[in-house]
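Supplied in structure tokens, the structure appears directly below.
Should a chain be cited, it is by its letter among A, B and C, assigned in written order, with residues numbered from 1 in that chain.
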Amino acid sequence: MIDRDMAPLLQVSDLSRHYGGQVGCEDVSFELYPGEVLGVVGESGSGKTTLLKCIAGLLPPSAGTVSFDTRVDGPRDIYAMSEPERRMLMRTDWGIVFQNPRDGLRMNVSAGANVGERLMAVGARNYGEIRGNAVDWLTKVEMDLGRIDHLPETFSGGMQQRLQIARNLVTQPRLVFMDEPTSGLDVSVQARLLDLIRGLVRQLGIACVVVTHDLGVVRLLSHRLMVMRGGRVVEHGLTDQVLDDPQHPYTQLLVSSILPV
Amino acid sequence: MDGITNPEAPETLAGYNFAYLDEQTKRMIRRATLKAVAIPGYQVPFGSREMPLPYGWGTGGIQVTASIIGVEDTLKVIDQGADDTTNAVNIRRFFAKTAGVATTEKTAEASIIQTRHRIPEEPLRADQIIVYQVPQPEPLRFIEPREAETRKMHALSEYGIMHVGLYEEIAHFGRITQGYNYPVQVDDRYIMAPSPIPKFDNPKMDHMPALQLFGAGREKRIYAVPPHTKVKSLDFEDHPFTIESWEQSCALCGSSESYLDEVITDDRGSRLFVCSDSDYCRTRRDAGHEGSGLPVPAEPDTTASEPAGESS
Amino acid sequence: MTQPSQTSDVEEMIQVEGLSKGFTLHNQGGIRIPVLENVSFTVKRGECVVLAGASGSGKSTLLRSIHANYLAEAGSILVRHDETWIDLVGAPPHLVLDIRERTLGHVSQFLRVIPRIGALDLVAQPLLTRGFDETAAQRRAEEMLERLAIPRALWALPPATFSGGEQQRVNIAMTFARDYPILLLDEPTASLDAGNRQAVIDLIVEARDRGVAIVGIFHDAFVRDAVGTRTYTVDSARKAA
């Protein structure tokens, strides 16, 4: 599924973001190919969330570029795009799953409307088809279809996250960013959600950047892993290699700190 | 001929400028109006003035009318289709006092029509202007409370959320239930709130030969639809826009084409349906049309049973 | 992409050259444990090279290095992929992933458990991207599981609850269901009884005779003799530095 002759989908070069004198993230560079899942791990303050915001178009960097291979125009610097272009990209070819579902959902419209919104935003005008799509996606994320007209406020955290995923995937984006998608959920709920994400990502060939502090999540979901500390990437490689043969002292510390079950 | 220096101008209330507003204010409002006409459906902010009546009583419409009215104009004011409600009477009197202009109740004779919540049944002409009173000019406000965000959405044509609102109605009620202030798209660009006119009136806005101006005093916005402009009500392909219809016709003039008001005539639920547009109804009666004049009885109550021995 | 030193590159599938690998434990005072030094060897199609050596000699390290699970410190690991040579050392991640996907099969000692996916689906799903349609993938997966004597009743169940031996056999089914030109086997029969062991031996021999290049660690002498075509002793390479 990963074609080595393809151009990278996302290319990040020398990305830095400072908050005044504070370093958010510094000198981050990597490429992401279609269908690859990249995990970004680090503890609090490592800069991983800042990095995610910068590469997801939410926060302009202080230096460096983020280049996305658009369907129509080839590789484009996302911050050189006009705001309307970037917003359109974020609504169609990209998805963002936030840690707090309230940041990624409209809490005052029904689940079905949440899923259908992106379709309506790009011109879908047939109610039956929109609803059909919503039904499909809610099924794919294993939600009870009887809740399609309910408000997300009435859902559990796990269900809200699944709704968030459905809402993002409905336009079949090629790249999805996830910020701690399972934090705060019960362990059994986490496992189911991770499994769902893993399955959907593989099935749909979506490239994914998953930011998390949980090494178990990256082991399950990601092909590649970046370890961040103090705003910098200290190690970078295939997930199994970084976890089984960590080179950097900090990575070795992280890996050895995992509590055995 | 302007109202200030024309010696033949009718006598107006002493101490007030023609049509109440000072000329600089009128100029500011006209500028905003020109911009609005140049960008159909786009809400232009303006410096709304303190008027001698509170917000919610048509201050926006009055300011627009005051800025465009001249000595030769004939003004009609309606409220819910009627010329004789308190608000319509007061506003008409206001302009008579401050501008001395001729007023009328006949749609065909007016050059400016200020309206709250209805468009006259009689088709308007190119030499007429209709001024709508608007409570909430922002069609997106129902779902997006932030002004900064709604402005961006209009600028970027991010209108998906409007259809989300319609979707919700169909999902909950089986059909689009919004009956008034039904959102429209103007000139295939801006989404606009047509003011709380019934959706029955929306089709009249499409390619209307008259200029349509909208004023919101509290919200401080003016917008416009130039003559012969496309105005399309939002809908879904499989749930197309429809207007209201009645089984009855007007009890007074017999019309089955106009928007009917339901009037309860007794405490048993009998009701009369009459034209909401009073001028339209009267014109038809003058021309000889007649309605049945009879109230429609209430539907028989099949659930209640009358105790034996009681007479009605 | 470098060319091998030999003249004919059609038979060779793996070329390890000057491979060195050690571990530095930064959190234990930075002590360094050298494991492999200057290892060089070649594997051809139809060979089954048995890695031999005392416990701790680096057999597993060598195998895992060839799988790119461990990072080499020096030297090169050339792998024949799509008719060209790729050096796994320094190759970009997406290329290594492609090689693992299509060229380099691997059976490890541990089954990576994916929650909620049944044994049959675990074997069948990867085949869908290899040009099998759903029915064919299903059939092949069933064949494999039958050969490895996984009871039908377990096919729909996720292997997390299986015994060690059953998990091992699912592992093997997953890898052998696909057609890899190269296979790396790390103790594939470790948890198996004699009967099941034979089924695995048959699979390996069939693959070998089909021209697959195999490198394996087999602690069981019986298995070694049955499948191996030659032995490579890791110890001796270390000493040859």
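Annotations for the structure displayed:
Basically, a residue touches a chain if its C-beta (ideal position, glycine included) is under 8 Å from a C-beta of that chain, and two chains touch if they have at least 3 such contacts.
Everything quoted here is computed from the prediction, not taken from an experiment.
In terms of which chains touch, the assembly is arranged as an unbranched chain of neighbours.
Relative to chain A, the most remote chain by averaged C-alpha coordinates is B. Between chain A and chain B, the centres computed from C-alpha atoms are 48 Å apart. In this assembly, the C-alpha centroid of chain A lies 32 Å from the C-alpha centroid of chain C.
For the pair chain B and chain C, the distance between mean C-alpha positions equals 78 Å.
Residues of chain B that touch chain A in their complex: 143, 156, 158-161, 163-165, 167-168, 170-172, 236-239.
The touching residues of chain A, counted against chain C in their complex, run 1-4, 31, 33, 36, 191-192, 194-195, 198, 220, 223-224, 237-238, 240-241, 244-245, 247-249, 252-253, 256. Residues of chain C that touch chain A in their complex: 23-27, 64, 68-71, 92-98, 101, 114-117, 129.
Chain A meets chain B in the complex at residues 83-84, 87, 106, 108-110, 112-113, 116-118, 120-122, 124-128, 130-131, 148-149.
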